[in-house]
Structure formats: C-alpha cells, structure tokens
Amino acid sequence: MVNHEEEVLAPTPGQRVGTFSKRKDVKRTFWLWLFFTIVFCVLGRLAYPHWMPPVLSKEMQGNEDIMIWFTVISAPIAGIVLAVAMESFLNMHRGDTPPEEGVAIRTNTPVVIIWTAGSVFFCIVAIVWGLVVMNTDATKAAADSATSLTVDVTGAQWNWSFFYPAQNIHTHTLNLPVDRPVTFNVISDDVNHSFWPVQLGVKVDANRLATTVIHATPTKVGVLDVKCAELCGLYHAYMETSGQVQTSADFTSWVSSIQATGGVQQ
Amino acid sequence: MTTLTHAPASSRPIPNPKKSLITRLHMGTGMVVGIIFCWGTYFAMKAGRDMTDSHNVNKVLLASMMMWSFGFLVGIGALIGPFRWLIGKDLTAEEQLYLAGDGQGVKRYFKYCTDHKVVGIQYLVGVMTMLGAGGTMAMMIRTNLATPGSHFVNPNVYNSLVGLHGITMIIALIIVSTGPFGNYIMPIMIGAADMAFPRLNALSWWVLFTAIPVLCSAWFLGGIPTGWTAYAPLSDQAGPGMNAFLATIIIFALSTAVAGANITTTVIAMRAKGMKWNRVPIFVIGATISVALAVPAFPTFMVAMIQTAMDRTIATGFYDPNVGGSGWLYANLFWIMGHPEVYVILIPGVAALMEIAPVFVRKPLFSYNAAIAGFAGIAGLSILVWAHHMYMSGWMPALNGPFMVTTEFISVPTGLLFLVLIGTLWRGKPWMKLPMLSVYAFIWDFLIGGITGIYLSDVPADNYLHGSMYVTAHFHYTLMGAALTGAIGGLAYWFPKMTGRMLNERGGYISFWLVQIGFNVLFLGMFLAGAEGQPRRVADYAHLFAHANLISTIGAYSVGIGMLTLLWAIIHSARSGVVAPMNPWGAKTLEWTVPYPVPLVNFDTPPVVTSDPYGYGRSAK
Amino acid sequence: METSTTPQAKKSIGALVAIVLGIGVVAGVGFTLHKVSADPQPKLYATKIGTIVAADGKTYNHYTIADSVYADPINSKAHGTCATCDGGHPSWPSYGPYTDFVLPAHSYVTVTLTVYDGGIKLNTPYFASIVGTVGGTANFDGVDKTNLAPDGVEHTFTLHGLPTSTQDPLFVNVPLPMNTDAEMKAYNADPTKLPIGHKVTFSFITQGAGHYVWNCEYPCGDSTYQGFGAVMGQLGYMSGKVTVVNG
C-alpha cells in the first residue's frame, strides 16, 4: 500500500534507513528495548527457578524450562512494545490544550508484515516446543508401561486415598520410589477433583466413573505435596495430603511396614 | 458545523398521552408486580410439596425467580407494545414519544425509556453498582487470605464469595463498555438518531436489571460452592443458592441476545450517509465484533444452565455420571461460551483505547486495517480454542495438541492490537490526560496478561499451572488490567459527552495510580503464589504462601481505595464538575459535533461523513 | 493561575469523607460476613484425666472428649432453636452438641462417640478402615476392630489438614457403625425416642499445635448427587474444626 502523497515527499530507501538509525528517538527506543529485554530475560531465568517448588521429576523440569525459556524468547517482543510505549510516555505533553499535530503515519506495510511474521514465528516455536515435549512424554510413558509402578488415586470430598495394586496397600500419603516411572489411575467418587502432586509437575482431573491416567518419573528424593486443583465444595482448601519421593530401599521398607499392619497405612 | 434548530427540551411540550397505562408505570410498579408474582409462585408451589427434598426446593425457587423477572417486566410496561401487536394494534405515536422520555428529567431513568442515551446511563449506573459489589467481595476474599488459617470467614462463606465475586464481575465486564458507551455514544458516533430497536434496547437493560436481585438472593439462600464456572456435578449437588445463579445466567443471556442483535443491526443499517465500512470508528467496529461474538456464545451457557436446572429439579442426569451423564459435557458447553466470552469482554475495552490514542497523540490510528484484522482474527479463533481450559480434565487428551495450536495462534491477532497501539504512539507527543493514561496502563497490564497466557496455553506448562493462582493472576491481568482499564479510559474520555462536565483530573490521577500500582502488586503477588504452587479458590493455604498472599492483600486494599476515589470523582464531577465544551479533546468523531444535553434525535440535520475520523497530523517529512 | 483555597480544601475533605464512607460500607459488609462465619456451636475443650504410657514407651497426658451423632439436628442440640424454625433443616443428621474441638499438643486423646443414626453404604470403601489411631483400632461397643464392612457404616470421623511446614500432619479416620432398621424403628415412629446407640472409643496422639478440619465421609445428603449435598455442604453438621494448642 503506497500513499501517493508520501511517495512524493519521501527520500530514497537508503537515505531513509540512514536517517532513521541516526534519529534521537530511535536511539533512545533502542536502549530502552535493550534494557527491558535484559530485565525480562534475567527475571525469567532467575525468578521461576527461585519461586517454583523443588523439581522432583522429569516432567516438572520440562514445565520449568518452558516457563524460563518462553519468558526469554518473548522478552525481545515485549521489549519492543514497552520501549516504544516508554519512549512516547517520556515525550508527554502536559497542559490544557492539545499538543501540536503529530506525524500522519497511516500505516507502514513492511512493519505490519514483519511484526505479523515475527509473532507467527514465535507462535510456531511455542507450539513446536509444546508438541515435542508432549510427544516425548507420551512416548516415554508408553515405553515405560511394563516397568512402571501403578497407583490408583481416589478423590472423595475432601480427602485423597491411594491404592498400590501390586503391593496391595491402601494409604493416605503418596510415597514413590525415585527413578521409577509411575502411572496414576485417577478417579473420583463424587464431584470433579484435580489430582496435583505439585513437585512432580503433572495434573489430571478426577472424574466419577471415568478413570484418567497420567505418568511421571520422579528423579529426586524429596517431599511431595498432593493438592486438589479443582474447586470441589466446602473443604476444597483442605483436600491436601503429603508424600515423599524415596530411595528404592526406603520405599520397599515403607511398603512392608504397611503390609505388616494389614495393608492399611496408619 | 451543526446549526441548532432544536428547541431546548424544557420549552417543548411534554408528550402526554392521556389515560395511557404507560404513563403510570415505572420501576416501582415493576418491583411491586414482580414481588407479587414471585411470592405468589412461591407459596402456590410450596403448598403440598415435600420441601425436605432438594429437587422440590429447586423447583419452587427457580420458578419464583423467573416469575419475579417476568412480573417486573409486566409491571414496568415492557410487554404493552408486544401485547398490542398481538391484538393487531401498536403504541400510539404520542405514547412512543412519551416512552422516549424527552423532558421528563430524572424520572425517565426509572422508566421503560427507549432513548439510547437514557439506557446508556442506566447501564453505567448498573455496571458501577455491580463493580462495587464485586469489588467489595474481592476485598473480603483478600482479607481472608491475608494470613493463613482462614480467620475472617468460614469456607462456606468463602466459596460463595469466590463464586459470586466471579460471576458479578464477569457480568459487569461483559457490559462495562458496550452497555454505557455502546448505547450512549455509539449511535451518535455513527450518526444515527437512535438504536435500530429502541424498545428492545430498553428491554435489554430492564431484563438485565431483574437479574441483579436474583443474583443477590444467592447470599440469602446459602450461597454457591461452585465458583463462577459452576462445574457439574458440583452444581448438581449444590444447595438452594445455586438456583439464583442459574436463573441469573438464563436472564442475563436473554438480555445479551437482545442487546447483541440490536447493536449489530444498528451498526449495519443505521450508519450516517457516507460512513463506509472503512470510515467506521474503531470503537464501533470493536463493540460490534464483541456483541456479534456474544450472540452465538451465550446460548450455550444458557443451555448448560437449563440442563443444570433440569438435573436439579427433575433429576434428568445430564451431568450425573451415575445415570450416564457427564461433567465433561458441561465443561464443553461452558467453555464454548467461556472462551469467546473473555474476548467479548476484552475487545470493546481495547477498541475504546484505540479510539482514544489517536486523539491524544494527534496522529492517525496506525493501520486501521491491522486493528480490524486483529479483532476479527481474535473473534474467529476464539470460537476454536475452548478446550484449552480442559487440557487437564482428562477429556480427549488427543485433542490437547490441536487446541494448543489454535490457542497459541491467538497471539498473532493479539500482537496486531499491540502494534496498532504502539504504532499510534510512535513519534507521538501524547497529551497526558486521564484517558491517555489508561492506554499506557493497558499496554503494561495486557502485555503481562498476554505473555503469561502463552505459558498457560502450552500443554506441558499447563500441567503445572492449571488450577493454580497463576491462572487467576493471568486472567485478572487481561480482564481487569485490559478490559476494565479500557472502560475506565473510555469513561474519562466520554464523560463530558455523557454528563456535560469534565471528570475531575486530580481525583482521576490519584485513583489511577492507586489502582494501577495496587493492581500490579496484587496480581504479581498472585503470580508468585501460583508459581509456588497454591491452588486457586482455596479458603486456606500452607504457610509457604503467606508472603505472596500478604503482598496481594496489600495491593488489593490499594485498588479498593483507588476505586473509591474514582467513584467520588465520578459522582462529584457529574454533579459539580467543570462544565465541558462541546469537543474538549479536539476529536474528529461525530459524537463531538453534538451539544450537551444531546438532543433527543441526536442530530438536527443528519450528518454526512466524507472521511474516516483519524485525519490527524501533518504529513511525514 | 489564581485559585482560592477554600473550594479546593472543601473538595479534598469531601473526597476524604466519601472514601472513608466507602471503606465503612465495605468494612460493614466484612463485619457481617465475619459474624455469620462464627461457629454457632460452643467449642469442646478436651478434659485431662491423668497420664498414660503409650506403646512407644513414652508417658503422655491423657485427655478425653465425648460427642454424639444424631439423625436430626434437634436431638443433637448443636443448632439451637433454628434447627426447627423455618429455614432450619429438621431432617439433617448432625454431630452434637459439639462440632468444634480443642485438643492439647503432644497428648494422648481418647474420643468417645455415640451413634444414634442408621445408614446404607460408603461412597469410598477406604473410609471403612481405621487409620491413625493408637494400635490402628477402635473399640465398638466393647470390641476392638481394625475396620468395618463398608455397607455397615453410618458416618465417619475423618480428621485431616493442610500439610504445611509449620504444623505436623494429623490424619485420623474412624468409621462409625450404623444402627439397623430394627434399632431405628422406635425413633422413626417418634423422634424423641432415641435408639440405645453404639459407643465407639478410639485414641490418637497429637503432635505439635495446628489447625485441622474433620468431616464425615458417609453420604448423608439425601436426594443430592452422591449424597454430598445439603447437610454435607453446610459447615457445623457433618464437619467442623479441630485445633491443637500448646499447653
């Protein structure tokens, strides 16, 4: 789209790029962009690992990586928006009468195209990243299915309970051996709940009469919090329990101590 | 320049259709008839029913609530016109003029008034009331969460606060721009004398009005435990307060359908001569796309609510897995409404800011076409993304990938909205008045809301974030930070046209900074709590989250005080603010060519449009 | 620019008054909700009856509490006159007279619950097991058991809380046996005639101070989805608080 009037007034493209990069407002905007981009990158890289709970599984590591790297990737784009906004803000006109007329830029087709292409590219990166992680997780879960530990999870207003079929034990805390894939079969006995072993970074709703399945592989010993992430009525906030990722030996002795007391954890 | 041939309202005779019933009806008669219908139904239906059975309680309450709404409309005279049509007549010309309310002063605001400017003010007051109620509930929620232990309210009250805060704010934000500005300003902006269907316009407001007492009654019926999403089967199980929620949504959906059809028709059919589609102000485009999007979206919510009501009254079991129903059915119906709905909220607010920015930067709107492409792209994609709310529900994990693709792509048209705004700001020297501040607040808030939306829409990250406070913070950045900020900017901008006075600047500035700083403290704190792993909608939490929650609560109080300051500024300025000139901002859209008070038919001579309204600025050197 | 200060000052005072008024309204709503949220029933403080040596060989202070479970709120005496007034729920079962318990930390607590209600079956069989008590058992009318049949349970006492870094975990689940139809016959004809009832006694050892909640896992909300509506969604009938305090 070429504005006829502009064409007459405009200098050659080469001259335009030259004068553009020398303009004061352009330089200021560049430095503001650099500042915002660096701030966002640093925040993303430092803040999320600091805020998020200990990473106890491969899946949780995947989540945290996305939080960090999406922040870093989006930083330059956010930087442009904030830099231009800040540059114009610093140029503000105060007083009771309108400022002088600005420059009549109706549009700038190359800018619109570059911007759109840039956001499409960013989109595709996000989508491909997500699809690759999803696919890797699914492939791994399928490969692990023979060796994985099965835990049947039941949500009932407002408590979680767990049954380990191979070990034949009923528990109210969720203990898992480290480095062994786990398959959770999740079900609800009433309304919807959402099973969220926080440090494992996985989650799935518990539905009545429909088993949902998720997989995780604990990679580190540590404390687990199990929460309900779907509003389920009166004591939703208290529908929590704890657990542990244990060494294989600790897990075995935990299981046998429960088997010794009739298969129900005390 | 417009020539005034219009006599001042006071000197013209007030239409007086003698003995017509419509002159005797008003809000008061509506309430009386509504209450009679409501209690009459209640006692008639209660007699002989076993009220210890919850199904019977639900039948009686739902019927009573719907009859209140119907009775109110009968009592205010909304049905006189349709009834006359039924018997082959219509309102007389004099009656119609009477309904337009010209020269009736303050009284017309309490009547079934067909003047779009009256309806606009009714919506404005209604929205402010709802925001006040929703904000009060937000303060209660944050007070309870200030420290761990849930010392302020019990879990019953807390869950009701969360759900009723949510639905009150959602309803308020759906109408916050299209209600007041879409009704008052938009017809003038396109050079129309009124809306296409003035009686439907009045109907949309008064139908909505009847939903307010119904929603309030939830508090007196034991509250709702479900949050605003009203997920089944929890809603099947919930107590009598749930009926108030269902009835509210059914009534509200009727109101939106009527309003949506009306606004869309008005814009399509009643634009001034010469206002081609590429000369329509961007706010009009945004508002139209928003209501057009609402027209297909809300019926699914209504269906979902009717099915819940049937489950609760006659045990149909749509959502009861024990008899073959499914909560996933509800979730799908809900989010098919729910995701378009957030853009129904967002688009008019952004469009208002796009209207504002060129005026104060004295530059044309950058790439009008990109703005339209942005809105249209968002609207188009938004009907294909609903199941991203259900990644973790266990329903069809195989669809997570496709829904992730559509959802991530929404960031492309959304990016265009940013480009239009920063393109307009670029090389500008913005006149830093109240409306302009909202543009900057929007850019910051919506940038954060938008970027965090990219993590949330990525399935693996959503594994961790879904159902956490992170989500709550994200959508408050988009709905409050973007849509409400846009509406406040719009209010500051159009205040002179709607009240004849300028909005108090000092009050506005103080409010702006209290709200914006408080808002960012509040929701950055909530991002922190979410990243740490606090689920949303919990009355109590572990000590781990204590700092993040305290930060949020402090921010919330700042927002609360800021909003009260704004309320004072609005009331004070409307009563005794500086009298505004006809076009205080030097804007080029048509609403600034008419005086205040705006004449009944808006324009004495129908305006003729020869260019788009963004012809600001000097040619580029 | 010349401005007289008086209107300016007046305006500021007006704004302040308006804001204070607004805060007042919000505070008023808060006060009302806080009042509504208060537990209507009195708290039951555990009574000390001596000391006891537990299986771990340690000596604990021994405390007791006693409460009952009724088929209606009138007999439970937990809901005052409003148990029967309009808006009350004369058909709701209820713990009573207490639903709010205060226990000392690091103590041996013996709980006696007397049950006067009938039942059918649990939604979740897990809650038919006895968990978290001393010895993993509870005493039912003189007989120690580790679990009941899931279809012989009438209510449960299920105590739990948020896992936090500042309080110890405490999870106790004890199913309560139902009264059979024969036992409930006289009561069903005349609600003042309570059945003899079943006495359930169990003990658990508290750890550090903390805030916990308890609820019943039996679906008592007749005619609601999975029996967890109505009474189950209302605080103070089949749910309540347990506060463990130091000293």
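Chains: A, B and C, in written order; residue numbering restarts at 1 for each.
Following the convention adopted for this analysis, a residue touches a chain if its C-beta (ideal position, glycine included) is under 8 Å from a C-beta of that chain, and two chains touch if they have at least 3 such contacts.
Please read these numbers as outputs of a predicted model, since none were measured by experiment.
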Item to check | Reference subunit A; chain at largest CA-centroid distance | outcome: C
Checklist outcome for this item: When A-B and A-C are ranked by contacting C-beta pairs, first place goes to A-B
Item to check | subunit B and subunit C, separation of their C-alpha mean positions in angstrom | outcome: 40
Checklist entry - Using mean CA coordinates as chain centres, what's the subunit A-subunit B distance in Å? => result 29
Checklist outcome for this item: Distance in whole angstrom between the CA centres of subunit A and subunit C is 38
Next on the checklist: Please output the residue numbers of subunit C that touch at least 2 other chains, ranges allowed.
Outcome noted: 162-163, 225-226, 228, 233-235
Checklist entry - Multi-chain contacts in subunit B: which residues touch at least two other chains? => result 155-156, 225, 233, 237-238, 322, 540-542
Checklist outcome for this item: Shared-interface residues of subunit A (touching two or more other chains) are 190-191, 208, 225, 233-235, 237-238, 240
Checklist outcome for this item: The subunit B residues in contact with subunit A across the complex are 150, 155-156, 158-159, 162, 225-227, 229, 231, 233-234, 237-238, 321-322, 326-328, 360-364, 366-370, 392-394, 400-401, 404-405, 408-409, 411-412, 415-416, 418-419, 421-423, 425-432, 440, 443-444, 447, 451, 454-455, 457-461, 463-468, 528, 531-533, 535-542, 585-586, 614-621
Checklist outcome for this item: In their shared complex, subunit C is touched by residues of subunit A numbered 154, 156-159, 161, 163, 170, 172-173, 189-191, 208, 225, 233-235, 237-238, 240-242, 261-262, 264-266
Next on the checklist: If we count contacts the way the header does, which residues on subunit C are in touch with subunit A in the complex?
Outcome noted: 123-124, 126-127, 129-133, 136, 146-147, 158, 160-163, 169, 171, 173, 213, 215, 217, 219, 225-226, 228, 232-235, 239
Checklist outcome for this item: So, in the complex, the side of subunit A touching subunit B is made of residues 5-6, 9-10, 25, 47-48, 51-53, 59-60, 62-64, 66-67, 70-71, 74, 77-78, 80-82, 84-85, 88-89, 91-95, 98-108, 111-112, 115-116, 118-120, 122-123, 126-127, 129-131, 133-134, 137, 186, 190-192, 194, 196, 198, 201-205, 207-210, 212, 225, 227-238, 240
Checklist outcome for this item: Within their complex, subunit C touches subunit B through residues 11, 14-15, 18-19, 22-23, 25-26, 29-30, 33-34, 36-37, 39, 89-91, 162-166, 211, 221, 223-226, 228-230, 233-235
